[in-house]
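Below, chain A partners chain B and then partners chain C, in two separate complexes.
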Partner chain A sequence: MLSYITKRLVAGLITVWFIATATFIAMHLVPGDPLMNQKAVSAEIRLNLERKYGLDKPVVEQYFIFLGNMLTGDFGISYTQQNRKVNDIIKDHFPVSATLGILAIFFATLGGILWGAITAVYKNRLPDIIIMFLVILGISVPSFVFAALGQLLLVNLNQLVGQSVLPVAGWGTFSHMLMPSMVLGLSTMALLTRLMRSSMLDVVNEDYIKTAKAKGLSPLRIFFRHQLRNAILPVITVLGPQIAAITTGGFVVELVFAIPGLGRYFVQAVQQLDYTVIMGTTVFYGSFLVLMVILVDIVYGFIDPRVRLQ
Partner chain B sequence: MNTSLPIFLAVMILLQNSWCQADATDFHTQTIKLALTQEPPQLNGMKATDQVSVMVLGHIMEGLTRYDRRGRLVPGVAERWEITDKRATFWLRPDARWSNGDTVTAHDFVFAWRTTLNPATASEYAFILYAIKNAEAINQGKMAPEQLGVQALDDFTLTIELERPTAYFSKLTAFVSYFPIQEKFYKSRLDRYAADADDLIFNGPFKMTDWVHSASMKLKKNPLYWNRDQIKLNAIEADYITADTRARLNLFIDDKIIFTRLDGETYQDALTRKFRIRSFSTGSVFFLEYNHRPGRVTSNLSLRQAISAVFNADEFVNKVLATPGNLRGESLFPVWLSGTEDKFRVEYPAQKVAPDTALGRKLLTQAGLQLGIAHIPPLVLLVGDSPTAAKQAEYLQGLLKNKLDLDIKIDIQTFKQRLAKMTSGDFDMVGAGWGPDFDDVMTFGDLFASWNLNNRGRYNNAEYDRFVRTAMNSSIPKIRMDAMAELQRIIHEDAVILPLYEQGVIYLLNPKVRGVVRKVVGADPDFTFARIVQ
Partner chain C sequence: MSHHGELSPADFLPLEAENQGELITRPSLSYWQDAWRRLKKNVRALISLYLIAALALFTLVGPIAWNVDPTLQDLNQISQAPSLPKLATLVENHIPWTPPVDPALPAIPSEIADQVDPVSAFRLAETASTQAVRLLWDGLSTAGGYNIYRNESKPEGFNDLGLPLISITAGNQIGYEDRLSLKAITYYYSIVPSDGFDEYDQFTSIKVEPVLAISIREAMERNILGPAQDAAIGSAITLEFHPFGTDYLGRDMLARLMEGARVSLFIGIVAPFIYVSIGILYGGFAGYFGNRIDQLLMRFADFVVALPFLLFMILFKIAFGIGPGESGIFPMLLALVLLLWPATARLVRGQVLQIREQGYIEAARILGGKPRYLILRHIIPNTMGVILVTLTFAVPSAIFTEAFLSFIGMGVAPPTPSWGSMCNEGVKTMLSHPHELFFPALFISITVLAFNLLGDGLTEALDARMRSRE
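Entry: the complex of A and B
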């Protein structure tokens, strides 16, 4: 077990190094100049800016300096917010994205398992058809549409009631988190519902279910103890990458609901060619994703004893 | 799942309801709530360049002078001043205080200006201090910052030697780059200066009490501000930071913010909701800038004139922009600029042109002959990546195809890429704009001087340069304005640019809030003198 985890961690480190290198190369290949702004500056000032960010050195040297700093966990100073460290940006804003993401995953998993199980039980009957129709919507409609609709719903609800039932946007209290996290979790919920449905249908025909029925167990007990537990495995598999995707991919939701998450920095940094923030957030998210995948593999072993971690 | 979760949720919602109630305005506490369009990237006045930072700084800091609610220049930290041809003297009020209790002194200005000009600071707005003697040389590293022509005679007397007569110097001192900074405090923070609320001290009408990055910012009335009796608001709270105009409109509908700017899309919704829509001229001019570099087809005058001849400014404003408030583009100099006594454009009207397709075709044929080519190759039109920029580009593409049979290749680029291409000259025409940095014709006039780094089309005309110099070296209004009028004429005759429009924006404002000032230069919108009525 321990050697397995060590092996996976080493492989993970190599993956992160690869992500960092690929991003570094891609970033420098993108046309445009990170130091250029609306107002043109004199050559002297330009040189000082280049020196400040080490851009006056050859790109290869910049790469090794970056690698060295990365090992010590220092990503430098942001180009757009010149008095903030990239580390501070990650430290300040990732917890927000993570909170939102965890809540979204909570809604998604709960909903996905519930709806998936229901559709499996009512296979090809009305509830199944309705839910599966909604699932297709959930997968195919992009999140910015849901975000805008969700917000509009809140505005109209508040107007109807005549007072603020739920805040339209912002961050701070639990009520701020409800709508955005549901919107954010929607596509994952749809995905999980479909997955859950098919794996439930697979499990229903297994021998051990028949055995359980023959033993005279109550349908509820069969459902929870035997069906659900076995059917949930594929859901766990996709959950790892999904958690990473949700906690990192909330850019649109963060924008619409005015949430101070890291997703905004992640996307805006690319638009503004903020080199240090691009590298910092990408390496951070990359490591997070790799860690999640490893974690899922380990969890897998606990849920299904047949999976032996060698 | 057990039943405790729904109950928990319900309780949470009910609990928070009490503090979710706060409306956009509170008469009793005189508090207004806002949404910022972005996180202010730089609250160090020496380096701030963007509108949001300038807006916030305008509320928490104050320069020697400031603008009042009617747009007149009034005393700020300085009680009075005197400007002669090459010298300016400011007498500071003794009761101006920093939020740490210290007096704002002339030394704070000397320190701030020297530091801004120090090339090591790498301030992008350093050029705005070039009116001061030796400033440009210092900024280029040719002189030491201590050689700047500014001196604190005592704590309350500041004298400035000017590089050349600068009639508008007192107006410059209202700008953020001229704000004071206390050396003691600055040196205690260094790289952290202005990074957080406790990394700043304030001398303006408000002080920042709380700043959660990308989330919220709270400003409270500054009890040490010398003119505190004139400040009615107790608090300005920016509870939201989002660039999404629809989200901001929703917040406005929900009475959570007092102000929001509209775009073409949200304008329709605001109309349906029967809100009172206000408009404001930002003072910026948008134009098509040609690439004048030798070898480019757009360096041909007849070709540029042909394009000008078929352009219909009214159609552009009414059908393409299609939101209220924009004015037709006629000149590089917008209508709000002051001339000698009246507005500049009243004293020196821009040359009016009616669209004339036949003339355009004739000019185009001429251009072909001069260039020695039968058909003009497709012209590259470089534009930004906003939906409005794309719409404008498509209109121009259609127009030039229909009227002149000119092919246009639209090159849509993100901000930084577009700037890189503009600077390297990789375009024939570029959708560009210019906003004023200070309240004087010169902020537009010297844009196409051959030495101006922002002249990205590299227009180079000795006659133009000469008139810019004439205006620069005189403090006599008539001489300066006459020279500017010549610039206006040259820009028209030489078709240096094609003026598209003068930007107007539309916005919503909570009717309970009075005294909000919209400004062309400096902090905009300005809530300093706002108050809430019942």
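Entry: the complex of A and C
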């Protein structure tokens, strides 16, 4: 077990290095540099600035400096936001994205398991047909449309009640988080519902369900203890990649609902070629995702004893 | 047991060979024929096929049938809702109207009255059109002027007269012409007499419904009326027809949707084709050679998979750059291909590894099959099913990615429309002109839906296990 985790962590570290290198190369492929945005810089000032930020050094040397700093956990100072450390930007804004993502995952998983189980129980009957239609809708409609519709819904709701029940945009309290996280989790919920349904239907035909029935267990006990528990396994496997999709896919929702998450800073940084912020956010997100995938694999090993971790 | 009964010599003759046991009673179907047969039985998959055919028709034949320039801006027709063709009456070019004056009345009354009667006979001088509304009234000898207001609802009281159009400071002027952005809706005009400065608390209102009219000059400017064509004044002519309305620059939505379909579907279909092909080659190579090469190749694929997709999509998209006047379709295509090939490579490799060990490959090899024959005849055809399904599901995700990037303003560069960038523009006017968001979103949804349903149908149809369940 321990050697497995160490092995995965080492592989993860190499992956993070790869991500950092790929980001570095892609970033330097973009024509221009972060100083281009400064207005009316004379050649002398420009030279000074380049020297200050180390941009006058050869790219290969810059790469090694960056790698060295990264090892100590220092991503440097933003080029465009005066005197703001990249670490501070991440520290301030990642919790926002993470809260949104966790809530979205929570809604998606809860809803997916619930709806999936219901559709499996009512297979080919009205509840199944209605839910599966909604699932198809959830998969086919782009998230920004849902975000816009969600906002529209809040506007109408607030108008109807005559006061601001749920705020339409912004961030701060739980009521701010409700609609964005539901919108963000919607497509994942649809996906999980589908998965849960087919997984439930597969499990019904397993021998251990027959055994449980033959032993005379109550239907409720069979449903919760044998069917549901085993059907949830495949749902957990896709959760890893889905967490990745949700945490990075939060951009749109953050944009539409004016949420000060990290995604917005990344888009801004790419547009302004803010080297340090780009590197910092990508490496941070990359490590986060790598860690998440490893975590899900380990959790999976705990839940399903059949999966042996090697 | 020694007695076996009577035996005749006939019992020792060999039996006639019966071929019945080997007879094939069902028609022989190849794998693909069988899959096609099953797909046709699946109603949802069939509907999705029709939808895809319709989309192809919309994209390819649409611009020929609906020959409207998608980049043509018409600032007279901004954000028009979808409608049926509108008819307008052709009228003469506008000639300024000198308001009539009643010579019997004084321009300035000799003394300011405390109280006056309301203006009587407030009426139209001629049929009101969207070109001009000409009002007439009977002047008051005690008034020093008149204020005219316009409202879109019936005035309930003195504070509800609406938009002040003019303050006339001559008591003998008895007409006024309104040309202020008139629309073919109902207006309520009100007139309030004044002493030249202050209003009396009397008003008279009339209801006016201007007819949609277009002057000859306007019609020629908007190319509805050819210069050679001299239509009779008063005849009805058809205005520009925008079945899906217009966008915030007055561009025809239908034409833009067709143009956008080309971009969105091009990226959505070509990108998966390229990266799935690369994935097949890469994965097939790794799977066929196995061992060290496989390890090395797959480890690299694992790294690429670990890249945060959307962050790198944005980064690559910018890195490959958009020059002036370029649409940015190619950088997007390149970024998609660079980031998404490993998924297919992994899949194909797994398939190849699995199939390589199958009994029928062994059998074919024992029968003397050469590697080339084995790969082409056995391994590739058997992976095709899974690859086809992957390809089908890759299309909606590529379309989504394009739409997403265009939505956050990192996609194709204007003026090239794509469904995603149209959504981006439409969401800004969502409350006032919902059709600008609705139509592109609808097209994205239908396309994604169609390919998802087709993918589901293909998964079922190509799964040979399903055959035995029938």
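Points worth noting:
Rule of thumb we're sticking to: the second predicted complex is superposed on the first by the 305 of 310 C-alpha atoms of A that agree within 3 Å, B and C clash if a C-alpha of one lies under 4 Å from a C-alpha of the other, contacts with A are read in each partner's own complex, and residues count from 1 in each chain.
Here is the rule we go by: contacts are C-beta pairs under 8 Å (C-beta built on N, C-alpha and C of every residue); 3 or more make two chains touch, one makes a residue touch a chain.
The shown structure was predicted, so the numbers you read here are calculated from the model rather than taken from an experiment.
Applying the stated contact rule after C-alpha superposition, one finds that A:285 touches chain C and leaves chain B untouched.
Measured by the number of chain A residues touched, the leading partner among chain B and chain C is B. By the touch criterion defined above, A:148 lies against chain B and chain C together after alignment on the C-alpha atoms of chain A.
Of the two partner chains placed by superposition, chain B and chain C are both touched by A:31.
Contacts of A:294 after superposition on the shared chain: neither chain B nor chain C is touched. Of the two partner chains, chain B is the only one that A:93 touches; chain C does not reach it. In the superposition on chain A, no contact is made by A:121 with either chain B or chain C. In the superposition on chain A, A:83 makes contact with chain B only, while chain C stays out of contact range. When the two structures are aligned on the shared chain, A:255 is found in touch with chain B and with chain C.
The intersection of chain A residues touching chain B with those touching chain C, taken from the two complexes, comprises 30-31, 148, 152, 155, 255-256, 271. Within the complex formed with chain B, the residues of chain A that make contact are 30-34, 36-45, 48-49, 52, 77, 80-84, 89, 92-93, 96, 110, 148, 151-152, 154-155, 158-159, 163-175, 178, 255-261, 264-265, 271-273.
Across the complex, chain A is touched by residues 302-303, 306-312, 314-316, 318-321, 396, 400, 403-404, 407-408, 410, 420, 423, 427, 430-431, 437, 441, 444-446, 448-449, 452-453 of chain C.
Within the complex formed with chain A, the chain B residues making contact are 1, 9, 12-13, 16-17, 19-21, 35, 39, 41-42, 44, 47, 49, 119-127, 139-141, 191-195, 199, 212-216, 239-244, 246-247, 250-251, 253-254, 256, 413-417, 419-421, 423, 453-454, 456.
Listed in rising order, the residues of chain A touching chain C in the complex are 14-15, 18-19, 22-23, 26-27, 29-31, 136-137, 139-145, 148, 152, 155, 244-245, 248-249, 251-252, 255-256, 266-267, 270-271, 278, 281-282, 285-286, 289-290, 293.
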